[in-house]
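Here subunit A shows up in two complexes: once beside subunit B, once beside subunit C.
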Partner chain A sequence: MQVYLNGVGVYTPGMEDWEQAAAVLAGNRPYVCGEEKKIQLQLLQPNERRRTTKLIRLALEVAQQAAGTESAADYATVFAASDGDHEVVDKMCMALTLPEHPVSPTNFHNSVHNAPAGYWAIAAAATAGSTSLCACDESFAAGLLEASALVEVEKRPLLLVAYDYPPPMPLATLRTMDAIFGVAFLLAPEPSQDSIASLQVAFGGQGRYSQCSEPGLEVLRQSNPAARSLPLLELLARRQPGEVLLPGVQQRRVRVEVSLCR
Partner chain B sequence: MSVIGREELAAMIPHKGTMCLLDQVVRWDQCSIECTSLSHRRTENPLRHDGRIAAVHAIEYGAQAMAVHGALLASEQGRCLRPGYIAALRNIEIACSTIDDIDRPLQVKAWQLMADGGNLVYQFEVKAGRELVASGRVTVVEMEENE
Partner chain C sequence: MSLKPLPITSYTVSSAVGLGKQALFDSLVAGTSGLKPNRFPGCDLDTCVGSVDAVDTVVLPEALTDFDCRNNRLVYLALQQDGFEDAVEQLKLRYGASRIGVFLGTSTSGIEHTERAYRDRDRQTGQLPAFDYLKVHNTFSLADFVQRLFALDGPAHVVSTACSSSAKVFASAWRQIQAGLCDAAIVGGADSLCLTTLYGFNSLELVSAEPCRPWDRHRNGISIGEGAGFAILESRPQAGSGLALLGFGESSDAYHMSSPHPQGKGAAQAMAQALRGARLAAGQLDYVNLHGTATRANDAAEDIAVTSVAGNVRCSSTKGWTGHTLGAAGILGMATACLCIEHGFLPASLHTLELDPALTANVLLRNTEARVANVLVNAFGFGGSNCSLLIGRVD
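So, the complex of A and B:
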């Protein structure tokens, strides 16, 4: 499957957009894990913004970076997260232990896996098709596979958003995730003047999956399912054609071949 | 091109006995296939539940047409098709509630939208005469050798 990459969004403390991430991944700046800041979303109305969680804000932030301001409403979307919104799960589980089980309507509303996709649809006035999926630690690769197949079959641009936020205690004892990471790709079926690279995406096969060369980034890669995208982002940042093998579903690899467009 | 009968067709796909739902391939080319079947009328159809066959099973008819098409293309290239499983369904439309009460043969068409080895995306359509029974898009992912 061949798709064209027209936009990239990245957010992790220390690399808050693609420009910052590209400087680090290209080796022009050291990677320093920064402090977590509250993501300020401009694209939602205050009453919707108030209901968002950290995970939703992370997803919308990278989606907005990759989509830019024009035509965001026309893009189909694939949202991929490893286990959904731990913050919501935690709050609802806590509420269920209390007398009368006072689950907040907002948390209940946010408890579905496609909640971030829903907020994006409202924010971008997007009415095109949307898929939300999860595949544990392989969620980014699964999302990329789904997104590429959709772009190829439907011949329309699509926004892929992969994001994961570490769980709070006590869930953190059951699910290890040490970093905040979100990534988004704007993909298109045909090359255009906006195209950064072409990605040839294939499913299947074995082989050793790609890692990051810099130790700090390799730790980050292992600390969040969405950060499994880092070896691919490294190639893009270095403007280096090449191939990465991502850990895919059921022990199979997802192979991505990168060719540069400009 | 001659019509492919039930026996030959059944040998091409992993579905066995009455679970092989299609009767004939009436036409196929590189991109599409058209099959017919009367198995929805037969009492021994294993998809019957309380005597009826829900229209959702029309998707299985579509998926089997897809499997036969994959096998035909593979054998043309001297290959064997590895078994796959349905990984995703999209834009499914079902126009009625049961299919065992349809008198006419079902016409089952499938078009290939994408093929990446044995990983396939097809559009299918099941009709009885001019009436639509079901349509949609099916993604099949092939099994690895060790699965």
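So, the complex of A and C:
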């Protein structure tokens, strides 16, 4: 499958957009894990913004970065996360232990895995199809496969958003995740003046998956399922054609071959 | 975009009306509902539920006991019906284990296990009892379970788009087969009863105290059910079923997180896209299996969508039999569509006593015999996620 990459969004403390991330990943600046900033989402109305969780804000932040302001309404979307929203699961499960089971309606509608996609559709007035999917720690690669298949077969532009946020206690004792990371790709079926690179995406193989050469970034890669995208982001940042192997389901790999467009 | 029809060579379904597709067909013909007064442990809501009581005694294979939870038990139970396991083994011989995709839907996966862990937590330290969270509660759990059960290592993911989940997996399978990532796919999904959805829908005042009454003047909410179903989609037709996925439509309401677009705009968009994909005119539709949850707003919005896209087409909601099985609603609808086509039969909308005069869709109040070739299945979910499937015959 061949798709064209027309936009990138990244958020992690220390690399708050693609420009900052590219400087670090190209080796021009050291990676320093910074403080988490409160993400301000101007694209949502205040009444909706108030109801969002950290995971939702993370997803929308990188989606907005990659999509830019124009045409966002036209893009199909794939949202990939390694699980549901742990903050919401924690609140719901805690409420269910109390007398009268006082589950909040807002928490309940935010508990669906496609909550970030729903808020994005409202914010961007995007009425195209949207798929929220999960393949546990391999969700970025699974999302890239689904996104590439849709772009290739249905011949339409698509926004791929992958994001994971560490669970709160006590869930954190059952599910370890040590970093915040979100990434988004704007993909298109044909090259254009916006195209940064072309990606050849394939499923299969069992070779060793790609890692980051810089130790701090490799720790980050292992600390969050969405950060499994980092070796691919490194190639893009270095403006280096090449190939990465991403971890896929059942120990298979997803191979991505990068060629530069400009 | 028009679709190359994708043969459906095997399917199975289990819900409150029974295990396997014959049980669903028999209950549809007899008009016997699976809904009963709620006795789900830990839940005191005055409502009716569609439970699959057989899950309580299901034992997972020894190598997969880490996956033990209500949802995966329901998955395993459903896979054992209708010769489905044998069909998968045949499929492996035809295509190879790495050329078979697994795309399943769920909304809550094994959250019921985590609910219990929170109830059983240490009151002093807050510590939860240990269990394998990724195999039990994680959204991907059921696809991981199915891949390991059958030793498959093709592409896989779980779609979790609330109540459209197990409809949307048909679109994923179609795309990934078209793109050459796999040659066949196991699709479907499961959702099981849990306090999260029972009390969650109750917090939105969407749960009915009586068995749900889709399209009824006095409808007042959903009955929650549990269910699971699976289908096999193949790139090459096999002798036998003659059933196929002819089209699908996907859209987003972009309107509200828990209410449908009041004019059913997204629903209509998905239905129209499914028809275009199948290169069918609305007049060629024989039946629509409605999402029909029996909330005031959902039925009203879907009514406008159905009549605007497909006029006077015969339709009904089968939620009165099974309850609303949430993430499994799509695969239950697909199985119902297959039964309609195979048996020349259209089900009524059970428990619908007096049609809402404000609604105009041609909702069947009696079971009807008919030649059925093309069926549209609707599945719509929170977050404004809409999916319509067009199921029909292929030569």
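Quick note on the criterion: the second predicted complex is superposed on the first by the 262 of 262 C-alpha atoms of A that agree within 3 Å, B and C clash if a C-alpha of one lies under 4 Å from a C-alpha of the other, contacts with A are read in each partner's own complex, and residues count from 1 in each chain.
The working rule: contacts are C-beta pairs under 8 Å (C-beta built on N, C-alpha and C of every residue); 3 or more make two chains touch, one makes a residue touch a chain.
Here the structure is a predicted model, which is why all the values come from computation and not from measurement.
J.: Are subunit B and subunit C a fit on subunit A, or do they clash, once the structures share the same frame?
T.: clash
J.: Looking at A:238 after the superposition, I want to know if it touches subunit B, subunit C, both of them or none. Which is it: first, second, both, neither?
T.: Neither partner.
J.: Specify the partner with more touching residues on subunit A, choosing between subunit B and subunit C.
T.: Larger number of subunit A residues touched: C.
J.: Go through the superposed model and pick first if A:49 touches only subunit B, second if only subunit C, both, or neither.
T.: neither
J.: With the two complexes superposed on chain A, say which partner A:29 touches: subunit B (first), subunit C (second), both, or neither.
T.: Touch status of A:29: no partner.
J.: Looking at A:117, would you say it contacts subunit B, subunit C, both, or neither? Reply first, second, both or neither.
T.: second
J.: With both structures aligned on chain A, tell me which stretch of subunit C collides with subunit B: 60-68, 114-122, 222-230 or 240-248.
T.: Only one listed stretch clashes with subunit B, namely 240-248.
J.: Residues on subunit A in contact with subunit B in one complex and with subunit C in the other?
T.: Of subunit A, residues 1, 146, 149, 152-153, 203-204, 250-252 contact subunit B in one complex and subunit C in the other.
J.: Quick check on the complex: what are the subunit C residues that touch subunit A?
T.: Counting only subunit C, the residues touching subunit A are 1, 98, 107, 109, 111, 114-115, 117-119, 121, 126-128, 130-131, 133-134, 137-140, 143-144, 147-148, 152-162, 168, 171-172, 175-176, 178-181, 195-196, 199-204, 249-258, 265-266, 269-270, 381-385, 387.
J.: Spell out the residues on subunit A that touch subunit C in their complex, using ranges where they run on.
T.: Touch list, subunit A to subunit C: 1, 51, 77, 82-84, 89, 92-97, 101, 103-105, 108-115, 117-119, 121-122, 124-136, 139, 142-143, 145-146, 148-150, 152-155, 169-171, 173-175, 203-204, 248-252.
J.: Under the stated contact criterion, what part of subunit B meets subunit A in this complex?
T.: Per the stated touch rule, the residues are 88, 113-114, 116-117, 119, 121, 137, 139, 141-142, 144, 147.
J.: Write out the stretch or stretches of subunit A touching subunit B in their complex.
T.: Touching subunit B: residues 1, 146, 149, 152-153, 202-204, 250-252 of subunit A.
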